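First up is the structure itself, then whatever we jot down about it.
A, B, C, D and E label the chains in the order they appear, each numbered from 1.
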């Protein structure tokens, strides 16, 4: 069983399908959810073998406490984009968020969502934080943030690139990639849990993630691979 | 300080929300409960069931549908925009509307039960003593249904305090406007700020305990009929 | 329908069906005085009262009270707009209100100008003063019923419907309340519809009798006439008898007696403090009359009237006979054994002496 | 405490305080026959029954029934283990059960061997056969009460507590039920504690009388003795009188009469179908006795007994006097006017003729 | 197909969970409600309030605390390990325990009300008809309190179906074991798979409507006392 950050949903589904085609005898279940929740649950003995976190800090923490059976490996770097459902976001910049016509801006909660934290950093670096802050609404996670924008209740939002390329969202408006210079890198990492120490399948799947087909899928769904830069 | 300023703001906001929702539901739920308790129409069953339906959906999913409905493209949103009050999501009143919708069964069901057990006789007696139906309702039915109202209010109040799925979705977690305590505690937990979460939870529990205890103390002793 | 014109008194016509019971009545009752509703358990007395109160809605019913139409094809005055007082068969106090607030409940809803009954007086008379601050659950059965009576009186109704109001009360209490009810209907001139199984209550209070049977009216008529009818389906049993009108002619202060001059002759009754000239009503039960062929001076029986035998009829038991007498024009009924009737060779037209053991003043 | 030894009959001692009322009784009642509980509304009759049933728990109370201790310092038998039947003042049927299932409720909980009362018979007699499938909310007041009586009888109790069971019933119905209750207590030999305000019911049914006043026992004793006492605080009013024991000596089939040979002499009563030799009880009300100085053959009064005047006493009204007589050893009480007493110059020791207008066979 | 296999599995699991939780709460909540309804102890108020407290915490925070308590290091966890049944979180029975805890007030409060309105008289009558207190409870109290039980069951059932905050935390979203419909719908919404979410929501609503309607049809007519 794999616990994967919600933003991996589409990419991971495709990777798992491919993996199963290659290894028909193996059974792989993926559960998507919030990385923080998985972190807590693994401490309390949740039966997850692999943990793909949206923030590499969580698996690192687990490893430090001896709950991991492998090193923490980065598998992707998340990027954030400015997105809108009601206007052409490709022409927008962070500065245009100060426009009074943009009444509400959705970001994920910077307190616990990694994408939200990067969004806040980017807004601060762009120097619009003070003007924009009263207009902010906070989503529980990046998906909810997207829904705020998608339903038209927020005119714009900062979401993950991986979500913005989703056909459901791409059909409306467009997105503008936010320079990764404006925020600290959002490293995503995975770890094999202690529970799966004797589970060869876990290791095989981890290895598969590092392989070429998997990497291609990741890129297709808007992830930037460690050491590479965003393909636009 | 023991609690941060944000926590205090959230507490005040929560109590306001729960209080207002409970008050609105008392006004709104009572006639529905009355109708359900007294009607002989075949609609009683279906409508009774519909009242309980909001409970069946997961709160954040319900929140999502409400967000669509109340958004600028939804039917409720069209209506509120036509009224000139803009759209409701991300406002305190949006929270109120959503919570009212979600907590409706907690108000209606116990009150309906209380109404049903009163029976016809007290109403008949009141009528022979010149009380009009509305008069009777306030002077006989309401007092006799008091335990039902208390139960309903307790469930509604507590549930509104604890709800956060709908609230987060509709409210957008805006400090001092829609960031209620449940969301605040949730944030603390998600941010792994457990100490903070524990403190706030303890305060909420203690406070709610007192509120509930007061409600209980009011509760009249069971009556023999 | 030509029934909507103004008519005095109470006119009621109801047809109402329950599963195993149907009420079919067409009644004319006087607009003042006490009408007693009589009948077996389950004969429809309560149902009739409920129809009159508007608590039961008989389709195609008709009801007018003193010319005011309360129900017809086009009208249905809701209960709370009918100026009536109702004492339910079960006391039915509001459980959440103290006795005092139960009493005030109706009172408050009546305009001060329309309040004609003194609540304080009713409270005193019903002996519920000490109970005012109690909740109904802490009252005894009779106490509840007394509160219910006071509550119905407090609204100064224009018609009073009472469903066995005194059933749970002891004799002494009844004897305090009955005269009060009598005065009430005299002073306020309100009609009272009174359900009762107690023949003494009926004989004492009623001016008019309605006997119900299986949801139908078996007999109705003024008290005096109705009681003297030997063929009546109402079995008053031990309390068959007649009521005579008269007035106080003389007081015998030494013996606390009063002489009533009635159509049938002079009758001595206990002196209840009524003045000479007062119009009264006396009740003479059939069981209290014995017959003799001659007057006897040495007996303790005070009242002996000459009378003519009019008719002999069967009574409930084959050992007994009812004898209808004519005492100077006034009807009397005596219950004697058949053997005595034979021994005295009683036959219509014969003159006898009616020895009346007890005469009760009933109003 | 030395009260725990085995004693026949019912011994009850309770002290129980409510806010404005306290019950203080110490009673010995016979272990068979009917004990009538009498008293004003609010005098504590219901409270006493509840204590006996174990529904109210009087601290430091004592209760034994036929030698079985139901309550003392160490014991408190819970209600459901006391083999009693209780008819509540309000019918208190289970609202969720049909009449039939109400009746069966208790019956099912009694071992078949212990079932001594025929439910079918009770149902017939109480006239509730047609109601069996109804819910209680669809019954009239009297119907409810009849079902409640049948329900209490169905469990064949070893003691029956009845709180005004017949209050809501009409006379005819009462007269059907009373003989049934009489037979029941004769055949089953169970004691019945019977609360009633109706003196005729009491006189007819009771063997023993307990009069309550303000939570205390004002008087208690066997019916005959107690009724003949002129000083009694129980105001039976119209129904003061005595009860005599006797047996059927002769039947007069032509006139449907039976002659009862009693201590006081021969009395003719209606023939109720009882055989010669049957032990019976007759009730003679004070109001039914007139006194004459000589016997009169030409009167319709069948029963005339010679008697000696024993005592004259005041009655409730100053016009009236009660005269206690001794008829061949049997006590009689007559109510006459003071004027007649003076006219006949009645004084203790004098011989008079007691003309008895009506004699009721009461068991 | 209209619904995926995972959806069907989730539906079955949900109904099982809601059914079991409602059944357990009927058994567990009834004595508590009875005690609360009949006691004259001063503990009535405080304990009554405590029963309602789980409502006050946001579900996922409550789930968090339950997770800590039932986990290997928590008191409940120690106990279950000592019993030899391992730890409860991430198992179906863990979900059941958590839902029971969370839904307790929905069961207790309406039932308590129903018990209170019965009054003493029916119990006294039953005692004079030889019924022991337990016998009376089943033959008189339960039938008379039926409307209260129905309301309680409706609220509990619907709420358990809809709950997902606690469930997600304790259950860990494991297919066929703890992935109930509410979590499934939530996942669909989170994954922006709206069509799928709509379908599943519609099925759940329709199905729940039928269940509630059936419950309503059972509901006896109001009794006059």
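Just so it is clear, contacts are C-beta pairs under 8 Å (C-beta built on N, C-alpha and C of every residue); 3 or more make two chains touch, one makes a residue touch a chain.
Remember, it's a predicted structure, so these values are computed and weren't measured experimentally.
**Q** Spelling it out: a chain qualifies if it touches subunit A and also touches subunit D; which chains qualify?
**A** Touches both subunit A and subunit D: E.
**Q** Would you pick out the chains that touch subunit A and also touch subunit B?
**A** Both subunit A and subunit B are touched by E, going by the contact rule given at the top.
**Q** Most remote chain relative to subunit C, going by C-alpha centroids?
**A** A
**Q** Compute the centre of every chain as the mean of its C-alpha atoms, then state which one is farthest from the centre of subunit D.
**A** Result for the farthest chain: A.
**Q** State, to the nearest whole Å, the distance from the C-alpha centre of subunit C to the C-alpha centre of subunit E.
**A** That pair's centroid distance is 60 Å.
**Q** On a C-alpha centroid basis, what's the spacing between subunit B and subunit E, in Å?
**A** Distance between chain centres, rounded to whole Å: 19 Å.
**Q** Using Cα averages as centroids, what's the distance between subunit A and subunit C in whole Å?
**A** Chain centres of subunit A and subunit C, defined by C-alpha means, are spaced 91 Å apart.
**Q** What positions in subunit E touch 2 or more of the other chains?
**A** 60, 64, 121, 189, 223-225
**Q** Specify, in ascending order, the residues of subunit A that touch 2 or more different other chains.
**A** 37, 40, 144, 147
**Q** Can you name every chain pair that touches?
**A** A-B, A-E, B-C, B-E, C-D, D-E
**Q** Which stretch or stretches of subunit C touch subunit D in the complex?
**A** Those in contact with subunit D are residues 18-20, 38-42, 46-47, 89-90, 127, 130, 134, 138, 140-143, 146, 163-164, 167-175, 197, 199-200, 235-239, 252, 254-257, 268, 270-271, 287-288, 290-294, 296, 298-302, 317-320, 334, 336-342, 344, 355, 357-358.
**Q** Provide the residue numbers of subunit A that touch subunit E in the complex, in ascending order.
**A** 1, 6, 9-10, 29, 31-33, 37, 40-41, 43-48, 141, 143-144, 146-147, 150, 163, 166, 168-169
**Q** Which bits of subunit D are touching subunit E when the two form their complex?
**A** Where subunit D meets subunit E, its residues are 53-55, 78-80, 84-86, 88, 92, 94-97, 105-106, 109-110, 137, 151-152, 155.
**Q** Spell out the residues on subunit B that touch subunit C in their complex, using ranges where they run on.
**A** That would be residues 121-122, 124-133, 135-136, 139-140, 143-144, 146, 220, 223-225 of subunit B.
**Q** Applying the document's contact rule, which stretches of subunit B touch subunit E when the two form their complex?
**A** Contacts found on subunit B: 37, 44-46, 48-50, 52-53, 55-62, 64-65, 105-106, 109-110, 112-114, 116-117, 119-121, 147-148, 151, 154-155, 158-159, 161-165, 182-183, 185-186, 189, 197, 201, 204-205, 208-209, 212-213, 215-217, 222-225.
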